[in-house]
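Both complexes shown next keep chain A, but they swap its partner, so chain B is in the first and chain C is in the second.
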Partner chain A sequence: MALPANLMRSPLPAELEFIALQQTDILIRPHFSMGKIRLLSGSYGPFRATANIEVPLWVGKYMKQQGKCSLIPPVWLSVEWLEEKLRQEISRPEEFAPLPFRFAEIAKVFLDIAADDVPSPERVRSLLKDLREVRQAKTRKGLALLDEMELRMTGLGSMEINELRPFLTRAMGVMRVLASEPEVPASTADNTFVTSMDDGW
Partner chain B sequence: MSDWPTLPGGSWSNGHSHLPSPSPEPAAADADADADADELALDAERADAVTLLVRAWTGERCAPDVRAFEGELVGRIMGYLDAQAKLIGVLKVDGASEEDHEKIGLVQMEMDRVGWLLRSYIATRQEKLIRYAPYINATPAMQTRLSVAEQTLVESYQQIFEESLIRDVVGNLPEELQALDEVLPDGRSMVSQPDLDKAVFIRAKQDCGPVLMPDGSSLEIKKRGIHLISYRVVEQLVLRGEVELT
Partner chain C sequence: MDADYWSFESCLAEQARLPCTLKLDVEGHGHLLGANESDLHVGAKVSIPMWLAPTLILNDWLDFNIPPPFMQRVKRALNANARSVRLSTLVGNGGEWYGFGKLVADVLEESQAKELQAVLLTTFKERFVDLMDQAQHFGGIPSSAGADSMGDTGADFREGLEMTERELFLLAQESAKAVRLWYESTDRKEH
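What follows is the complex of A and B.
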């Protein structure tokens, strides 16, 4: 089955979370013992109770949900680190403070399933929200710089990019048409009759 | 049992062991060690087969045109899945210990996850194949990017679609309105093509040389830089793996 057309425009947040679960390694503290296990993404173990061990986030989530381990939050998922970044974010209006690329997805997984392993989860949650708001305000200001050629967005996270994607790719497409020579109207554009109908702007 | 044994190869294999060795796979490691080191520094990502599949999935999902089919990778992963499935079968028959149950749970979950990624990767390609079928059939360079099964799909899809269109609609129109590949005076064509100028988000894995922009200016793309930019401008960088679509 071909992928539904609405999914072709942009991956879903749930899909990005899936990728983050797959691609992020975290430390867990097992509550049980188990020999080494070989998975497609690598070998993990042996697991010993109370000895921290690095596994993919999805493995940690699976074990946590069975009550078999605690997750150890990454250093950046802490009140001190986030407060520092929030200060940076506010004091440097010209750039985005460097956060891990998938910080939003990883933080969501931790706060959803392992809030008891994160020190002061409510404060962390509210700091993440503050960060998001400051960064969104910057993004809105940055939109003024958009032209038909290029926009530098260094420092944005994968979830933030995804949020902006439908609007920005569309806006840039429109600006490109407006900037091109009037007698050559976007000859290379994807112009099925069907898509040009629902593309009306 | 304390470890997963390796099984002899299935139909997809080339005789090497299926299950990844504890260290990064030798096959992946020798290819470009430099790029891997960069990758580690950038986002601490692995270089195993699943990571490569994640990259292929993201690239296919974000690129406006159809990219080359990752046949070797897909075959390798199918081989892994096959081997893991057999292993679970063996374990279940033998009667598993509690520890084995735990392992079986994890292995099955990973198989489900990887299976989903594979299906989504193929489905993403199919959407584009169907959308651009007439263009692909008329463009040999595009066909080389498809697997044999995909080539068959594109050909039979176009055939069935056009037969139905001619029988039910176009055949009843005056002859001068029957063409299916007309280009209108305003440049719009009945054959849709991928829009290579579409803006995409890229993330640079290394410093790239200056990139020539359509207006003649040049753009410096720095490592870790994230840019919204026309796909055509960065296509070569994407193919060389210097930047990643995101």
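What follows is the complex of A and C.
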């Protein structure tokens, strides 16, 4: 195959970030006024200085990097909300607290380029890190229940799923082979050699 | 560790040899079975590579014994604590314990095969959570999680991994690394 092995197994974190940039809409507060702009992906604007407007995250990111707007962080990217979720996460050891599916990517973009728009970014950062660690510990516990047929873990974010994917699919493949019925060559009286191999999976 | 024709792992697993006893005289072809003399008689001991064994066994030309990596002694050790058994020493470096085991199970009778498969599966399940843990925390990722509970047993465990597990270890390590690098990367403009 043309792709290197590590690209075939799962999307890269950067690719997931790219998807999140396309799919997420956020509010920005422009520092300038301008009419509607029409791009292939849609029309954005008209922009008026200090009036909040909804645009895709990638537009917001681009403008922020040009110093043309400030980003308004989503409700969940705040100390209170995250503290609440962390409490939930710890108090209910058997399930994952519901977070936005692409929370890791969106939070990373915000804290990376727009840390000055997020209230107390350091605290948010450390809360996210705590959340990540608690959830990793849960994942580990969930994995112990894995069998060759299925795995149920509800509430994982896309980044977390992606991190598990290469390992998990391989591991389940191995288990499936180990649990599979033997496929033996038919016993033959003559010397016909029959392949003993599966067709693969 | 799959039965794919093109898989290197399954080729390697098929290289493992199965100790067998002949059930018929083999005149002049002893060398082919890896013996020193050319005439072999009923009851002679030969070891047959795993890719050849099923055909010969099912044609009732050979009797075979369960090979050492899957004997009772090993099973008892696995029962006691699957994580402390060094699978790599059982099948030699670069050996495929699971792949070999599955091939052996395929030629066993049904009840025995079921039992061996159960052993393989339980062993795999009991080891692979630790395996992932180790992979995520090994390689200079500063984290409190893995270090204190594992300590030195971690190194032992890693050395005891057989080929399939090593492959999985690498997979988990790589994706952990990719995520870590992503978290550390930045699009901020340099000032």
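We take it that the second predicted complex is superposed on the first by the 179 of 201 C-alpha atoms of A that agree within 3 Å, B and C clash if a C-alpha of one lies under 4 Å from a C-alpha of the other, contacts with A are read in each partner's own complex, and residues count from 1 in each chain.
One rule holds in what follows: a residue touches a chain if its C-beta (ideal position, glycine included) is under 8 Å from a C-beta of that chain, and two chains touch if they have at least 3 such contacts.
On a predicted model such as this, the values are computed, not experimentally measured, just so you know.
J.: For A:165, decide between first (touching chain B), second (touching chain C), both and neither.
T.: Both: A:165 reaches chain B and chain C.
J.: Once chain A of both complexes is superposed, is A:49 in touch with chain B (first), chain C (second), both, or neither?
T.: neither
J.: According to the stated criteria, A:90 is in contact with first (chain B), second (chain C), both, or neither; which is it?
T.: Once the two structures are laid over each other on A, A:90 reaches no partner at all.
J.: Which partner does A:6 contact after superposing on A: first (chain B), second (chain C), both, neither?
T.: Only chain C; A:6 stays clear of chain B.
J.: Looking at A:173, would you say it contacts chain B, chain C, both, or neither? Reply first, second, both or neither.
T.: After superposing on A, A:173 lies in contact with both chain B and chain C.
J.: Quick one: classify A:14 as touching chain B (first), chain C (second), both or neither.
T.: Once the two structures are laid over each other on A, A:14 reaches chain C alone.
J.: Look at A:108 in the shared chain and tell me whether it touches chain B only, chain C only, both, or neither; answer first, second, both or neither.
T.: In the superposed model, A:108 contacts chain C only, not chain B.
J.: Based on the A-chain superposition described above, do chain B and chain C contact any of the same residues on chain A, and if so which?
T.: Residues 165, 173, 184-189, 193, 196 of chain A touch both chain B and chain C.
J.: Okay, in this complex, where on chain A does chain C touch?
T.: On the chain A side, the touching residues are 6, 9-10, 12-14, 17, 61, 65, 108-109, 112-113, 133, 136-137, 140, 143-144, 146-148, 159, 162-167, 170-171, 173-175, 177-179, 182-189, 193-194, 196-201.
J.: List the residues on chain C that touch chain A in their complex, please.
T.: 1-5, 7, 10, 51, 54-55, 58-60, 98, 101-102, 105-107, 113, 117, 120-121, 124-125, 128-129, 132-133, 135-136, 143, 145, 164, 167-168, 171-172, 174-176, 178-179, 181-183, 185-189
J.: With touch defined as at the start, can you tell me which chain A residues reach chain B in the complex?
T.: Residues in contact with chain B: 1-5, 8, 11, 15, 18-19, 22-23, 25, 32, 34-43, 46, 58-59, 62, 68, 100-101, 149-156, 158, 161, 165, 168-169, 172-173, 176, 184-193, 195-196.
J.: Going by the contact rule set out above, which residues of chain B touch chain A in the complex?
T.: Within the complex, chain B touches chain A at residues 1-4, 19-22, 24, 43-46, 48-51, 54, 57-58, 61, 64, 77, 80-81, 84, 99, 102-103, 105-107, 109-110, 113-114, 116-117, 120, 123-124, 126-131, 186-190, 192-201, 203, 213-215, 219, 222, 224-230, 233, 246.
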